[in-house]
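Both complexes shown next keep subunit A, but they swap its partner, so subunit B is in the first and subunit C is in the second.
Our next item is the complex of A and B:
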């Protein structure tokens, strides 16, 4: 009997040790998300009330703060560039040959008509910096066991006061996300359809980003190509490269 | 008889002066307030029609549900055939496409970098067609402060207050940052042709006006427009006609389930003025009612005082055999004459400030500085045919009413007592 109790205690303790805390899960999610650098080619398929259109872009990203995006298609957007350095965002349009700082209410505008706003682009991708986390359940998504975690903001000046994320238990990647306003209203949803492994990291290669307050079927984002931990020359992440 | 009564009124001024003065003041105030209210409504209708909704407005069904946000992604595509169609069906109207858009105006420094920015609300109208009346509707030539009206593509007019805030002048370049019809961010360089003062706070804070072809090109809206506005050729809003045109147009599309099918709305509903206009109609009646009531009480009192003063006269008239009804009727006739004279003078003196206010206006723009209502800051009166007649209603009604009540006392006089009273 004593042996049985001893074994049960060991098993229970083992189970406690095996179950990471919400903060640990989010740290691992962040570690999987943020790379030293990456170069990616992606597509946004924007489904609006008048049909859909596809926008293609190439992005150079360094760390979690700096990125440079050049739009490749369609013809009307080709050559438009965006540069994010820290908390500042510039855009360049070849037709006007102007570089403009996007600020104020323009940050709330949608990126190329998608369900994503510039504010979304400006967010710190490290969840641990912005939110406190709490495990609220365990479920299955895409046939994979996940933790449902509630994130509540640590700061006031944050776009989404609360988030719910569903994290793959084995791969530490978010498979579903819901973003809420301070009032508790659901604003946006993200559903991952496909993930792939690149250089030992799990990356979402197909997902749907939906602004719940907008009509349409959301924006499908598709990652066509990604190279992780590439050397990105300094000139690319500079304002001079916008006009280049 | 009338001549006799009139002479009596002229010779015995204590009988006519106070009642005429009362009617005169009341009628003058009624006439002025009526023309002021008329002017207020008329200014509001004109501003709303010219700057916002036209006398009627065609949009897509989807756009009409969110029209206050000017959602250009839901704009009408294929405006040329639609305009040809309505021009044929409703030849009494002028049809003109417009695009309202929002965004950011960015002013570059010497190096092409952002010097200053400001949020902007823009209106793209037909400035270049010879037959276009948009310059007149928007009062552009009179509102021009500096520079000139755009003559070439990619020129804009900018609100003068906004231009001062951005520290720009005609000839400077301004980049518009906005969204295409399909949601993409777009930048377009414009040259500031001139600055204007709309006199409408909501527009003076940050509006630009450009030719519609430039914005169609910039916002990827080829042969598209957010709205097609219809104006009566004489530029006077006729509510009945507007609703008739709306109903006949909408009848053609009533079975369409396409959210991009066109739909027409009339000015009161489109500008949100219908309740307001109803309220002002009621207010006019209330004002006139108050004046009738107040003047009737004053004139009743005057009539009572007159009866006391003319107590002896009435007694003699009754004593010599004049019927009570006849005396009562002569008093009413006298009151009608007083009413007519007082109303005439009151109308005359009410019309003078009304005409002055119609011509020069009353500048209350400081009250509307933070307003988002499409109304000019300079209020005008509006003198119409009704203004000439409106004062006669309270003027005559009040005198007749006051005298009718005061005159009842005649019927209370006892013939048997008359000689005793007269002896006394």
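Our next item is the complex of A and C:
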């Protein structure tokens, strides 16, 4: 009997050691997500009522706060640029030759008609800074075992009061995410379709971002090319580069 | 007195020529009075309805509030000062809290302004009492234009999303309890009205407001820290400059009319002087001085304006009276221009406008009538009697 209890204690302790806490998982997710810098070429497939259109962009990103995006296609959007420095966001439109600071109600507007709003781009990507986490279950997504983790905001000034994320147990990458309003209403979902490893990090290469309150199939994002930890010259992440 | 009698006799003696000029000039009278009356009516109507449903007797704005700057709106709210709280309790003021948000009618996202107002307020002529209907849902009032642009109707539920004071997203369903028909698009386009208490709870802004509307004719203009008083002159400035611009634009139209009428009178005067050389010579031979002759001819010309005023009164009087009574119907598309006018304008024809127009036309006609007569100063009676031109 004593032997049995001993074995059970060992097994239980082993299980405890094997399963990281929710906070540890989220820290690892953050560590996988945030890179020193990256240069990526991606596509945004916006599905609307009258069909879909594809917007192609190249993005230079440094840390989690600064990024510069130049739209490459379609012809109508070509040359449009977007600069995010900390909590400020500017866009430049070549047709008007104007640089606009996106602020206030403009942040609520959709980016290129997608389900993504400018304010979604202003989110702090480090979940550990914003949320308390709790494992609420274990499931399988894309045939991979995942932890379902509930994130509740640590502070008052967080955009989404609550989130649910499904984290790949081996790769520490989020495979599904739900964003909730304070009232508990589901606002947005993110579904990852494909992930790939680049320089030792798992990166989502295909995902669907959906504003649940809107009709439609959401916006599909596709990563075509990514280079991690690249040196990004200061001039790229400056307002002057918008008109360049 | 003699020259007045003579002038009338000559004028009436000219027959059709006189009456053609008189009719042309009377058009100018009617056009000027009608257009000015229309713009005066439009301006007064817009001001009255805007005061009634939007501005009240003036407003206190939060120091950061600027209705034309959506960037500062998120920070434009604060606790209501104690001095104003008393006014609100006594129904002498009403507070409004404004926040930005989005609604999702039929699965489309539409950016809107959410306005919280006390359902029991009596300051603005908005039927906010409908917002007392709070049976387990958030009641919302929308205007006709908003209903049209969003496709919402009375009884519909719609999801509304907003950020609270700290920036956290929240969303809920609101029920459209009434669609209000208002002339003032500023309280209608792209906005919904909900109960103030609910709005404060939703946005975590207890006891706060963005602006406070005072009762009409309120004398309260105290300086309050963090708030700026905006009187009606300030609030109506845009509306008034719009009316001035419109009125100035219209003046081109009646300037052209007046110009044509003056051209006709000028021609008539030239012709009279040319054709009545012998008459002028005879009058001078009988002892009439050149200046009296000038007066006579100027008077004859000016009397066109007097006769035209009577003619205008004959057909224009009933017309403007009728329009002032039943109003001037506006085309349906005018509503989308954002004028607070409803579907009819009621022109306002004041005595000042009518007398002013008569004096203006009379003065211009007198000047135009005088100009050709200056040639009479060079007239020799002997030449005139022989029919020689001046």
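Just so it is clear, the second predicted complex is superposed on the first by the 240 of 244 C-alpha atoms of A that agree within 3 Å, B and C clash if a C-alpha of one lies under 4 Å from a C-alpha of the other, contacts with A are read in each partner's own complex, and residues count from 1 in each chain.
Keep in mind that, in the parts below, a contact is a pair of C-beta atoms (placed from the backbone, for glycine too) under 8 Å apart; a residue touches a chain by one contact, two chains touch by 3 or more.
It should be emphasised that the depicted structure is a prediction, and the values quoted were computed from it without experimental measurement.
Novice: So if we stack both complexes on subunit A, do subunit B and subunit C clash, or do they fit?
Specialist: clash
Novice: Touch check for A:213: first (subunit B), second (subunit C), both, or neither?
Specialist: second
Novice: Go through the superposed model and pick first if A:46 touches only subunit B, second if only subunit C, both, or neither.
Specialist: The first partner, subunit B, only.
Novice: Taking the superposition on A as described, I'd like to know which of subunit B and subunit C A:103 touches: first, second, both or neither.
Specialist: Touch status of A:103: both partners.
Novice: Taking the superposition as given, does A:187 touch the first partner, subunit B, the second, subunit C, both, or neither?
Specialist: second
Novice: With both complexes overlaid on chain A, does A:159 touch subunit B (first), subunit C (second), both or neither?
Specialist: second
Novice: For the combined three-chain arrangement, which segment of subunit C clashes with subunit B: 96-104, 114-122, 204-212 or 330-338?
Specialist: Comparing the options 96-104, 114-122, 204-212 or 330-338, the clashing one for subunit C against subunit B is 330-338.
Novice: Please write out, lowest number first, the residues of subunit A touched by both subunit B and subunit C across the two complexes.
Specialist: Comparing the two interfaces on subunit A, one with subunit B and one with subunit C, the shared residues are 103-106, 109-110.
Novice: For the complex, which residues does subunit A have touching subunit C?
Specialist: So the residues of subunit A in touch with subunit C come to 103-106, 108-110, 153, 156-161, 179, 181-183, 185, 187, 211, 213-216.
Novice: Give the list of subunit B residues in touch with subunit A in this complex.
Specialist: Residues 62, 73-74, 103-104, 106, 108, 112-114, 117, 119, 175, 177, 179-180, 182-189, 220, 259-260.
Novice: Write out the stretch or stretches of subunit C touching subunit A in their complex.
Specialist: Residues of subunit C touching subunit A: 69-74, 100, 102, 104, 106-109, 111, 159, 161, 163-164, 166-172.
Novice: In their shared complex, at which residues does subunit A touch subunit B?
Specialist: Against subunit B, the touching part of subunit A is residues 46, 48-50, 53, 55, 76-77, 80, 91, 93, 95-106, 109-114.
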